[in-house]
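Naming follows writing order (A, B and C), and every chain is counted from residue 1.
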Amino acid sequence: MRAPSLALGAAAALCAAMPAAAQSSVTVFGVVDLAVQHLRGDGHLTRLESGALNGSRFGFKGQEDLGGGLAASFHLEAGINADTGRGRPNSINNVVETPGDFISFNRRSTVGLIGRFGEVRAGRDYTPVADNHTDFDVFGNSGNADSSLLTQALAIGLVAGRGVRTDVRASNAVVYVLPPDLGGFWGYGMYAIGENNNEPLPGFRGRDGGHRGARLGWEGAGLNVALAYGKSILASQDNLENVHLGGTYTWNDLQFFGQLSRERTTIDGVRHTNDAGALGLRYTIGVQAIKAQVVTSRIKRAGMESLGATAYALGYEYNLSLRTALYGAVVYVHNNARGTFDLGVPVAPGSSASGVQAGMRHSF
Amino acid sequence: MRAPSLALGAAAALCAAMPAAAQSSVTVFGVVDLAVQHLRGDGHLTRLESGALNGSRFGFKGQEDLGGGLAASFHLEAGINADTGRGRPNSINNVVETPGDFISFNRRSTVGLIGRFGEVRAGRDYTPVADNHTDFDVFGNSGNADSSLLTQALAIGLVAGRGVRTDVRASNAVVYVLPPDLGGFWGYGMYAIGENNNEPLPGFRGRDGGHRGARLGWEGAGLNVALAYGKSILASQDNLENVHLGGTYTWNDLQFFGQLSRERTTIDGVRHTNDAGALGLRYTIGVQAIKAQVVTSRIKRAGMESLGATAYALGYEYNLSLRTALYGAVVYVHNNARGTFDLGVPVAPGSSASGVQAGMRHSF
Amino acid sequence: MRAPSLALGAAAALCAAMPAAAQSSVTVFGVVDLAVQHLRGDGHLTRLESGALNGSRFGFKGQEDLGGGLAASFHLEAGINADTGRGRPNSINNVVETPGDFISFNRRSTVGLIGRFGEVRAGRDYTPVADNHTDFDVFGNSGNADSSLLTQALAIGLVAGRGVRTDVRASNAVVYVLPPDLGGFWGYGMYAIGENNNEPLPGFRGRDGGHRGARLGWEGAGLNVALAYGKSILASQDNLENVHLGGTYTWNDLQFFGQLSRERTTIDGVRHTNDAGALGLRYTIGVQAIKAQVVTSRIKRAGMESLGATAYALGYEYNLSLRTALYGAVVYVHNNARGTFDLGVPVAPGSSASGVQAGMRHSF
């Protein structure tokens, strides 16, 4: 009933000039995952927690066949805290994090073009190195058994409280993904624009809020192995670099997981290096699965004593369908003398932390 | 085009082990309801108001048949102010309310398992006692004729300005619903975790932000009657308790509504007790309906004079379809000598308030 | 599993009284549009920008046939910054703008009734005069070539930094749209309620935050021409009035665009008048299009020297389908001696600004 679209003439001409357009299509999808957790540190806490098996979310995505081997794709995905119905943190400039009060497409917001050359997409997306951390963690970096507590301790800001906003995802990014069928090789790279400064930072070859990352893998014969690198550019502290090597090997009902990771940054003039590793196992028995993982981390600090911890986790899944699972996990974190890693309840240096969780995940 | 999912092996094994999975399914639903209201107190105000017949909202929901009498369900529902396109208040911890600026799944955010045992679900949901208030109000606790203005005066914070964030819904909750076919009986209970304190509050047997509630009803022979109880646990003031008895009786085109309610709390050391009641009538004439309701409340305050009010409301609906209705209502609130109940325009103690509204509701 | 709906009796009666209800239906739609922009002023900036061809968004809309020539409609549309996945600014009261951090249905949030009389709808919607600006700009008021930079300089707040929150859309609005088939004439009017004051403003015949606007056009013989007027009522400064005349003429593959616009307001006691105009051309060659536009503006200020600028823009589109386009544009803004119009990087009075962009838009 509004004024007719003024692009009508142009659209009509367009119609005549090209083959019948693909049907409009959008997929609405999501996950609602909630668990009861009981966490112990120097005190204890019982809570309802969202996303302890897979992050709760909803989104819209789709792909359009453009003919000639080309396709367009879009992906909008919003994280939610299903215990309260609210959103998850995001970052507009890759430097300052906004609290998780409001819903945004913080998990992914991209448009892309797919062809024989691979895929080019732009927007907000996962960093390659964070994907490596997630894919080679038997718990998928979710819930109280998340290995990134130790392997990404510097990025998350667990040491010295200074988190990096591109530890998992980056805004203002351009991503290039290699095409499939490269003899088992696969990979992608990300260049996120630092939009906070007009000029490169002194000595940094980049602008505040930028990120560069790449990931290269090979899959075949039951093996999947990948190396990834990420560099976050920050004016407020030093850059943070992360190298991660991970792999899985599947043998019948057993799947083995391995990770080696190094993080480096300088905080208040002190060089920090976090060397971490993890070994995991997933044993599938019909619709059930048992998961186990050991993660260890040692953070060296120039001129100071190092700190670290080792975490032991055991998990169980009962898959009621491909979309619905009941699950549980127990985790124990052993801090070394100066370690203060916790699962939600603070601990004094050297104290241990533990957690139990039981929940349900449903995908749609 | 991204790295193939590493859970592929596990998923393939899962596929082999279980019957064909149910198709992915999600329902997108909502309500857009807008009315023009003219409200009078000591001044007057004309405004466009959202949700005067049914709260404006959108959401995603679905159910998956898991076989063997089991089903999984999820429900994400976000309230909106359709006059501006923005969200509605929510509470992350059941104590502090966030303003209604941003959209969240504040109305409901749950995942659940349904079986012969009934349903267990978790997340953010309606409290049982709030449902009793809503279901036995002929205006469904919406718009200017909402009886909870008087029956939930203490929970809403209309007296002494101290609202309770679990007056309608609670975050961090686990809900159990009785199965159907119990000889007309139905009911459910809620336990919301108080996540603000590690230790029980002295004398409270609970943690700040917790809520306990239950509702039991019987339906048959045109009658539907239910008793509900709710207790909100708050460190910042006293707990708030609410008992509510309500019912409807349907006789041909007439439906009678009745409510009896008691709220109790202590504010700044003063015991408050709100005894309220309402009688309502809905007369259906084909696609039209006429609604009438009288609500009265008297709030006793230990050592102080009591206050109260009586509200008279008349409403009309013209249903253009099952999804679309035009409607209107007039309301008059008679405050007693110390009563200051208003409809959006403040009144001096003892002054009356009134309101007129006309609008349209569309469901999708 | 919850208590059966208490409106069941009423609904059953309703069912019997009316023909089979239309099926529930909702369309999920949206746009993801991202471009890399390089902008120059007194410095320079490279950034990923959302919506440089069409504003990025998602939404829900639908229409229900009510029989007898009547239909109900709803439309919820949320703007997004696809570079970060976040929302776009909104205004709850048409006076104060909220930042674009959170997602809301800021673009449109309406419910309406359509009949032989036309359409009446309410909620948040585009102002008629803003539609005129957009429809007769060959760049659709998007991206770095947006002509409203000059033609709506007073409303946007580019002069004296005082923006008007109804420059594009208004909350709390009632809109009436003329029916089709009026011999080529079409039009609509808007009345947005000022909800900030109970009493009319002295000398303003309106309440703070109100807006009145109308638009009348004629289309035929390749011509589409329309006149629009809008008045925003603001207590904090003077009202802002905008008159806009625009048109297009389509001749084979060529489409000509023209605009004439006057804005008037008083800021800090100084009368401002912005006289602006634009000429544009769109040349369609199969799936490609070339766009060119010149915009000029002169802002007279009582007792002060006037300021102004002229902007030259050239654009290109390659439509991969009706839904997907690759595009680019270059823009040059020539400021007169006191002009400070920029494209994102500030300029000193009289300095020029320029911008280049290349991007991809996908609709779903």
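Just so it is clear, a contact is a pair of C-beta atoms (placed from the backbone, for glycine too) under 8 Å apart; a residue touches a chain by one contact, two chains touch by 3 or more.
For each chain, UniProt lists the protein as follows: A, B, C = Porin.
Keep in mind that what you see is a predicted model, and the values were worked out from it rather than measured.
**Student:** Using just the Cα atoms, superpose subunit B (Porin) onto subunit C (Porin) and tell me the rotation angle to the nearest 5°.
**Tutor:** 120
**Student:** Quick one: compare the interface residues of subunit A (Porin) with those of subunit C (Porin) and tell me same or different, with half as the dividing line.
**Tutor:** Looking at both copies, the contact residues mostly diverge.
**Student:** If you average the CA atoms of subunit A (Porin) and of subunit C (Porin), how many Å lie between those two points?
**Tutor:** Roughly 37 Å separates the two chain centres.
**Student:** If a residue has to touch 2 or more other chains to count, which residues of subunit A (Porin) qualify?
**Tutor:** 28, 101-103
**Student:** Which of the residues in subunit C (Porin) end up touching subunit B (Porin) in this complex?
**Tutor:** So the residues of subunit C (Porin) in touch with subunit B (Porin) come to 1-4, 6-7, 9-11, 13-15, 17-18, 21-22, 24-26, 28, 60, 62, 64, 66, 70, 72-74, 76, 78, 90-92, 98, 101-113, 122-124, 171-174, 193, 195, 198-199.
**Student:** For a test of understanding, state which residues of subunit A (Porin) touch subunit B (Porin) in their complex under the given definition.
**Tutor:** Interface residues on subunit A (Porin), with respect to subunit B (Porin): 28-30, 32-34, 36, 43-48, 58, 80-87, 101-103, 114, 118-119, 131, 135-136, 140, 177, 179-180, 186, 188, 215, 217, 219, 224, 226, 248, 250, 253, 255, 282, 284, 286-287, 289, 319-324, 326, 345, 359-364.
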